[in-house]
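Report on the following structure.
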Amino acid sequence: MLTALLVMTGIAVALGAALGYASIRFKVEGDPLVEKIDAILPQTQCGQCGYPGCKPYAQAISNGEADINQCPPGGEEGIRKLADLLGREFKPLSEEHGAEKAKSVAAINEQSCIGCTLCIQACPVDAIVGAAKQMHTVVTPLCTGCELCVAPCPVDCITMVPLAETIETWKWKYPVHELRSAA
Amino acid sequence: MTSARYSAARTSLRTAGIMVVFTIAFTALMSQTYRMTRPQIEASAQDEKMRLINDVLPPGTYDNVLLDDFVAVGPIPQLGLDQGARIYRARLADAPVALVLEAAAPDGYAGKIQLVIAVNADGRLGGVRVTGHKETPGLGDYIDPKKDRNKSQPWIDQFTGVSLADVGPAQWKVKRDSGLFGYRVGATISARAVTNATGRALEYATANRDALFGAPNGGRI
Amino acid sequence: MIARLFNFRGGVKPESHKNESSTTPIAPVVLPPRLVIPLRQGARSAARCVVEVGQKVRKGERIGEGEGFLGTAVHASTSGTIIEIAPYPMAHASSLDTLSVVIEPDGADEWIEHGPFDLRSVPRDAVLKYLRDQGIVGLGGATFPTHIKLGNGRDIDTLVVNGAECEPWITCDDRLMRERAAEILSGVTILRELIGAARVLVGIEDNKPEAIAAMRESAAALSEPIEIVPVPTLYPAGGEKQLIRVLTGIEIAHGKLGTEFGVQCFNVGTAYAVHRAIRHGEPLISRVVTLTGNVEHPGNHEVLIGTPVESLLPLARPKSGTDRYLTGGPMMGIALGNLSVPTTKGSNCVIAASRALFPPPPPELPCIRCGSCARACPASLQPFELYWFSRAKNFGKAQEYHLFDCIECGCCAFVCPSHIPLVDYFRFSKSEIWAREREVTAADQARDRFEFRNFRQEREKDEKAAKLAAKAAETRAKLSDTAGGDAVADEDPKKALIAAALARAKQQKAAVAQATAEAPGGDAPATTDASREKAKLEGSDATS
Amino acid sequence: MIHSPYIRKPASVQSVMLAVLLALLPGIAAYVWQVAAVVVVNLLIATVTALAAEAMMLAARKRPIAPALSDLSAVVTAWLVVLCFPPILPWWVTVLGVLIAIVAVKHLYGGLGQNPFNPAMVAYCAMIVAFPSLMSQWPPAGQLDFQTQLDLVLGSARQLDAITGATALDALRTGLRGGGASVETVLLQPDAFGVLGGRGWEWLPLGYLAGGLYLLARRIVTWHMPVAFLAALALISAVFWLANPAQFAPPWFHLATGGAMLAAFFIVTDPISGATTPRGKLIFAAGIAVIAYLIRVFGAFPEGIAFAVLLMNICVPVIDMKTQPPVFGHRGGRP
Amino acid sequence: MSSYIFVVIGAVLVNNVVFVRILGLCPFMGVSKKLETAIGMGAATTFVLTLASGTSYLIDHYLLQPNDLAYLRTLSFIVVIAAIVQLTELVIQKTSPLLHQVLGIYLPLITTNCAVLGVPLLNVALDHNLLESLLFGFGSSIGFTLALILFAGIRERLDGADVPAPFKGTAIAMITAGFMSLAFMGFAGLDRFQ
Amino acid sequence: MNLRTFRETAWNGLWKQNTGLVQLLGLCPILAVSTSVVNAVSLGLATVVVMAVSSFAVASLRNFIPYEIRIPVFVLIIAALTTVVDLAFNAYLHDLYLVLGIFIPLIVTNCIVLARVEAYAAKNDPVSSTVDGVMMGLGLVCVLAVLGGIRELVGNGTLLSGIEMIVPGTSPILVFDEDYPGFLLGILPPGAFFALGCLIALSNWLRSRAGARKAARPAAADEPAAASAQP
């Protein structure tokens, strides 16, 4: 009995001390995980995930506050990548955060634009140019299609137009004439 | 930094303290349990042994306290023992009845097969039991009567009552090796191993019978 | 004499079917009723239109300026009136539209004035610019700008001229070499001069003895280090990399340029075009096209760039049973989505396909990893692995297995016992990967701009904080006499401003006669304080 | 929409598999003529079972049945199962084996072309592990008349030891294990062993060899695997034999007995579960030979080939990954 | 000498810790989806397990057995292992961040890899001496790593396969593991002649 | 804890988060000792005891355990309890003790125990923690029982062999008659993998079907839905 206690206590003391000390001595510093996650997110900055932009969402994921299936623009694929990165199981996009849709960009109807600059305020990537009371235009290549500018426009002159397919952006389709659906 | 060190030292002390408390508590718990269960454990170990011995040597046939009447033997290759063991001596009114010895068949299908063998004073096999083996369940494990599907006459019982007089070393083999003893097709190896080991043990026992019985209690050979 | 020929792994031997079209001489140009000249000649770049509808153009007049690094000029291939400048489908796997200039020929076919270009009198760059403005691109199929391939004219020792024409059915280069060997070689001489190569190797598959003979003959006439080398007939010996390998033993990896290894490769047609451009000052407005397959009169024709396929077909008279038309050859080409597409500088043939000649593939079976494809692959790839990962959309893995070294020659699909459209899987993977790369760059850009904006907003906030205090009182005063609403006076002034803005908006809307839906969320902007401040400032100068 | 290439070589999975079946015929002929005609019955049973199982699985998975059945790969599997099994097994063992091969190994992985393990060999291993005694009963060549064979297969009473002679491999193993006997003494028992491993049996390897050469000629299998396999087997057995001729059998014995020849041309060469790169094929086949030898000589099983094949199947992905041939241009540019 | 070799061979192949002894399956199933992770886990386990075998032998042999404290084995072993794991992590984190990048995530998982406790216990059961314990621990972990890597290789190929829906994922992985252990049975008896 | 949460926890442990079928934790004992129903269930029950008690202990002591040494402490507690169980087996079920061998001590590393203790007990009150522990354990027991049944039946044609080790006098059930050849594979390690693989597949199938049915009628959201099957 006594020896037992002594032996185990000995081990325990050594251990507890070592670990307790170590746990202070080498603290783990900020993890690069957030960067990795943020790299996967589409950077549409639309906030549909419930966070003000992709980076915050990435932060939230790595803190375990947010689930990985909240980013509609990222879509199935984004979720798969996240699942891979974090070693979690894949799960379909959660409805309440919206649905995946074809990428589109904002277009401002220049006639009715009153130049209130509210959309400029709203645009997370400064893709809208124009000064006060001049009509504004969207720099299409910069627009991420986040739709944040649509609501603020007091005269709703902003519409989202789907991107047209050009010979550069055209993609070969998945070969169709095959026997079995690929896994 | 120094302050960090300081606090580090303090925290580690605290955690160590807690760790110790827990350890002591649960170690106490364990050793208490151990205390309580130990007799029972030893008892059941004894029972185990006795049960096996009873299988090979009917309890009624002797009157001494078997487990207290033994000779300690060093490693005996012939018995397949690579460290010391005990050979128990059953006596009825001090007359030799049987030797109960442990043996091992090194060449089982999956390693050693432990045996306990009783050799009556007249050189006949009182019985053979497998005390430990790793043979394939369902195939090689018929050597253990508990697992033998043929409950009416387990394979192992074919040795009971046989003596070297009846079966010479030449035939002391399984049928497949042109011997006399049966085996189960598909698992010859196990059978072969047990048979040969039994044969060797019997030879040893018959050869050293008197020395074994004569030796002082608890003495060594 | 070069010491020995090398060989490349893999390759296949499909029936060549060259004799159908190679026997008759190249037929002269036939003017079509209208020409549709795409400003985009290849998938890479489009030219900027420099003409407008109604304008009269003469033959060889420039209608498109080369734009950007890979841009080359486009010319009117005959004289006539421009009746339309609009998107028209082009001969591309997508058969998507591209901006094209439609010319109605006036039949006069009158040239702009043009003459030989003295390349010795001008610096080299000028020559390259000239070639670019003459719209010279590779006619081997890649339509890659020749002036780019000519590079800086240094450290090239071997010029390879590609007369292999390994695709079955096609014979345009064959005929060209038989009939215009001298011109080709003069073009080759020019190219050699420009690129500064010590020697020229002309690779011709040994199933074209006449072409070889013709070229040898006129090569002998010149005192140039030009050598005509028959190469074994094995598809795809005409592949740039493969031909270079065969002739020089040099292997050019994917992403590497021939120039890094001191070789460059041009198609014979390209050489001919260069000759026309330099010696006669003619831009590239026509090329030789093979019309063959399931037709009455297979043969080769001089065809104006922009001639719609449908107006070519009568020249060859398709037989009944023709179910579709291929261009670019049966191994690598595409089936034409519709027949109104024009011939471009890259179109080398139009093949009338019938079920008899080109039976549809049997149903695809699973890959049995038999390895035939790997044995046939001239790039020494493992097509079945690429297929396995492409099928599973595991593009990362596919790239690990060198997807992008695949030249899409089609040998693997040609031999596959399971009839798997392997190349389609590879094309699919490639374009998916490219799309992803585009997305990633876009995302990175967005990230930077987003972060910059946040940073800027922080800064502005601080600055404004000061301004605001000053402005507040002033604004309130002004408000009372502009909007004048006592109701408004006590409540939040910004609201009033938005209301004003809204009013303006309403009028405008009416003006442009749009649906006058009540603009919702008049006070929505008031939610973010940033916009509030903005509104305030705005109101202030609105009224001052 | 169909894209290029628009022309294709006339080749099909069916023709490949058909060639394999044809190539098996000489071996089967020898089997019938010399050993046990009943193998034909087994082949029949197995073929029917295989096709039925395949059709069942396809139907269950709502996949088109006709093309998959007509590709004949299931028949190849079935035949190989039969040729690896002892000929006088009760019919249900054969059926069970084929079912395992087709259902568990082939279709659980999605059917033709996707199974990482060799179906026939899995069947063999599963069966010898499940029924070691049944699976080690090889009849002495040509001693049973067809009727007895049939009875045995169609499962009337079987008194085991009476009929089963140890195969060459088994006899040698038990001979040596039993102690005393040396290779010559065992090998010289004329009735178990003719010229080479098993009187009558020795014709089978010749048959398989003939078929194998046909496959090579048709370029359905490349030389790599058979050569590497046989060479490695000969090599390792030679090494042991030279080291101790009394304890270890000579190379030709190992080449001729057990599944060696069959395996060399028909089993190791399974394209689907085997390595695919040239170097990989050599490693794969040689590995099988070495492991098979070790199991034969030192292991618990009468025939090691099947296990060796599975063990190397496990390594295939890694082997393939590590032995990718250099891609065009990546060998370094200049000649 | 040769007996030592047999200890290793036996531990790696014949009695492979995963397929025959059936230990360490959770990580075997959990981190075998990708080859890199498998290699990382293998390396981490090898390191810890070898170390653990040694230390646990010492503890058992010099602390527990002399004092008849066999019943403290489980406790002392597991606690020591947990400590080794954590300290290893902290140390390599300090000394070689690169190694930590590779092994970092796996080390914590090791505590609940029952092979890490099972092997020391087996060491006791098979009464190995110190060297044997070390070799056995090393061999077992090599066996584990081998199994893990090969398995990962197959799984990477499998995710392209058209596996029936209910079997997708872990089910087919489990069955694949079954075939692998069937294959490993082929080694049965290869260690008999020690 | 009220009835509803109880039902939740139960369902969670027995099906939704079943250790063997979903979480894939504690696989070693599942696969290793499921050669017969008796072995399987008895080890399972041992695990249940350990889980229940350790969950209870941790849950009640959780406030005294510093974060950085929580793992060692948990391990300590679990190990101690395991040893107790081990001793108990040794004393009162000696035969079984011999059969189960090192797998009793291995309950310590049985991932599921630690996982549960850390994931649940460390954050919840003793009662519900205990319930959770028990339910998780029972989930394990169910899987073990089924597996053991299948393997024993296929491999040997018997059921409950070895029952006499627990209840002396009883004897196992011979399901198939004497000359059932015995499909050894079932008892050997590969059999364990196959059996578990098929069980998982079966559960996946059931779950996806349940999922489909739920999708069919989106009502009754609270009724515990099948967790989405493994992809």
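Going in written order, the chains are labelled A, B, C, D, E and F, and every chain counts its residues from 1.
Everything that follows uses one rule, which is that contacts are C-beta pairs under 8 Å (C-beta built on N, C-alpha and C of every residue); 3 or more make two chains touch, one makes a residue touch a chain.
No experiment lies behind these values; they were computed from the predicted model shown.
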Treat touching chains as neighbours and tell me the shortest step distance from subunit B to subunit C. 2
Please work out which of D-E and B-F is bridged by more C-beta pairs in contact, and write that pair. D-E
Distance from the CA centroid of subunit B to that of subunit D, rounded to the nearest Å? 44
Subunit C to subunit D: how many Å between their CA centres? 53
Mind checking the centre-to-centre distance between subunit E and subunit F? Centres are C-alpha means, answer in whole Å. 22
Whole-Å gap separating subunit D and subunit F, where each centre is the average of the chain's CA atoms: 41
Listing for subunit E: what residues touch at least two other chains? 71-72, 75, 79, 83, 86, 156-157, 159-163, 167-168, 172, 175, 179, 182, 185, 188-189, 192
By residue number and range, which residues of subunit C touch two or more other chains? 93, 361, 363, 365-366, 391-392, 421, 424, 427
Residues of subunit B that touch at least two other chains are 14-15, 18-19, 22-23, 26-27, 30-31, 34, 109, 139
What residues of subunit F sit close enough to touch subunit E in their complex? 24-28, 31-32, 71-72, 75-76, 79-80, 82-83, 86-87, 101-102, 105-106, 108-111, 114-115, 185, 188-194, 196-198, 200-202, 204-205, 208, 229-231
Under the definition above, what is the set of subunit C residues touching subunit E in their complex? 366, 388-389, 391-392, 394, 397
Within the complex, which stretch of subunit E touches subunit A? 31, 33-34, 37, 59, 63-64, 67, 69, 72, 75-76, 79-80, 83, 86-87, 90, 93-94, 159-163, 168
Contacts from subunit C onto subunit D in the complex sit at residues 6, 8-9, 12, 14-15, 93, 168, 241, 245, 248-254, 256, 260-261, 326, 328-335, 353, 358, 360-363, 365-372, 374, 378-382, 384-385, 401-402, 405, 410, 413-419, 421, 423-424, 427
The subunit C residues in contact with subunit A across the complex are 40, 43, 90, 92-94, 96, 98, 361, 363-366, 391-393, 420-421, 424-425, 427-428, 430-432, 435, 438-439, 442-447, 449-453, 498, 501-502, 504-505, 508-509, 512, 514, 517, 519-522, 524-525, 528, 530-531, 534-535, 538, 541-542
